[in-house]
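Quick notes on the structure that follows.
For reference, chains read A, B and C in written order, and residue numbers begin at 1 within each chain.
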């Protein structure tokens, strides 16, 4: 059986321009009377088989679509490097050293309440994950670090994190001169920080 | 020279999936390194020649579109484009054929001042854009056509404008040294919209 | 074309119905006045300015614009304007400016050329007008051809339902091991600060200074440098504290009349000795 090549072209253009998949009957409406629509569509599907674009039938309707094996081309991933916030780095460190920890644990250690976005960010980065719930009142979710965390920081295991003694040895744990302002949280403008009560007896003033 | 058929498939899928015409470089970004994009596109355009859908180049961009001879099938598919006013059509043609042109150039050729909305309309349609300023007194903004203009009117480049060569040959595209207005000693002080204060009988519409 | 027909002879209704009757003034019977003096309408809206009017008049000569008789065209235009005036029409200024210029051009064309005239000749002016008309006509012609092309979105269509190409931004976070460790160390040291106690700095209190001064001054009969009454040892902070409190102590002793103070020059050493007679 020979099909009119012009009919093939017409069906091709109609399906290409269609904003929604079309039924046989909708295509037939636009083709000259007597056109063998099923045969035309079958022939067209044949011509496109194996190309980057395919003509496929989904239930009663036909549509062009890009070949499924090329779907990866449609999404181009672009890395966007973001700096972690100070709060996020600290939270990550606490999870790493004290895991498994609950949100409340983190707040306890940092002394400030944890903003919602901070933990989400670490979860999104794939460095922190929920590892269960603590069998305690409220059954809080507890968090730990992931394999990606180890990979990113080049650690074999979580035990490779330097201990407090080693941190001290590296000069990272030098006792700090804590200024009055810092102790009072003056430098922090983040509302999540709790205020410290002033622990200053008047006789401590040097004036 | 042989092209990787997989590259052809990939370029085909990318162009089918794109919501706007793509530059060579945008296609190259998604193809494997070293793919010969110009050759791939030329081969693809060749494969589609004569089909119901064609791959065409418009200025720097490529797109698939239905074959022009099937326009009769397509027209019912879309709403009639908004009718352009006579002033807008003429202004568009002047920008296209005489580009780059200033507003005063347009007024000179049409012999009438340009109402404010006309150029705005063409700018909004994305067919015309400012391309710089002329190094002349007042440094007027000069306008040219866009890639969207080429795509809309199916032109590969500005050189393909219908009748361009004839106009050029007849010396009708050369800038006039002295405009008629200047020759008449008239300064263009006419307000933007020249409105004739004449009541119009309703049957005046010429369509 | 009906422009050759004097309007008074033309059937106004026929004119109004004819799409080519653009230049014939007609009586506006829908006007507010409705009487004999009612508003007159000329179909000027059909023109985009005087140049357009000229071009349309030129077309009635039915010859190539390059061969047109400018003189005849000028006459046509002036006749049109006169008609409009006869009907007391308000004409936009640019139509009148054009009319004045064309009248001037006509006179130049008819009169013999003046010798050593610096102005462009009448023929040059006519040629310029002609070129202007040709330019406008050419643009109209190509504009029509442009619009008649197969236009994207009307005659040819892009893909109706493109899948779209997405650029997925994948956030990659930047943090080094050092930053992580430093942050942890900072938390630990800050943890100590949470139970904050200001350090007791080494100070030499005023009481101690007074006591020491009273004890030592009894043994001096000469003017003695204040510095020699300071306690030994301590760091710089302690010494500053001791100097301050000892100085205040000497002032107190002087106030009580138990010691004399003297300084020989500003910022010089301060000397004291026990007050005589005590």
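Quick note on the criterion: a contact is a pair of C-beta atoms (placed from the backbone, for glycine too) under 8 Å apart; a residue touches a chain by one contact, two chains touch by 3 or more.
Everything numeric here is computed off the predicted structure, so don't read it as measured data.
Chains touching both chain A and chain B: C. With every chain reduced to the mean of its CA atoms, the largest distance from chain C is reached by A.
Of the two chain pairs examined here, B-C and A-C, it is B-C that is joined by more C-beta pairs in contact. Each chain gets a centre from its C-alpha atoms; the one nearest the centre of all protein C-alpha atoms is C. Chain A and chain C, compared by their mean Cα positions, are separated by 39 Å. With centres taken as mean Cα positions, chain C sits 28 Å from chain B. Counting partner chains per residue, chain A shows two or more touched chains at residues 13, 16-18, 64, 66, 74, 76.
Multi-chain contact residues, meaning those touching two or more other chains, occur in chain C at positions 157-160, 163-165. Across the complex, chain B is touched by residues 16-17, 19, 26, 28, 30-31, 39, 41-46, 48-52, 54, 89-90, 92-94, 97-98, 101, 120, 125, 128-129, 131-132, 134-136, 138-143, 145-147, 149-160, 162-165 of chain C. Against chain C, the residues of chain B that register as touching in their complex are 14, 16-19, 30, 63-68, 70-71, 74-75, 77-78, 80-81, 84, 86-87, 89-90, 92-94, 96-97, 109-112, 151-155, 161-164, 167, 170, 172, 176, 178, 180, 183-186, 190, 194-204, 206.
Considering their complex, residues 157-161, 163-177, 179-198, 200-201, 203 of chain C touch chain A.
Residue ranges of chain A in contact with chain B, taken from their complex: 8-14, 16-18, 30, 50-53, 64, 66-67, 70, 73-74, 76.
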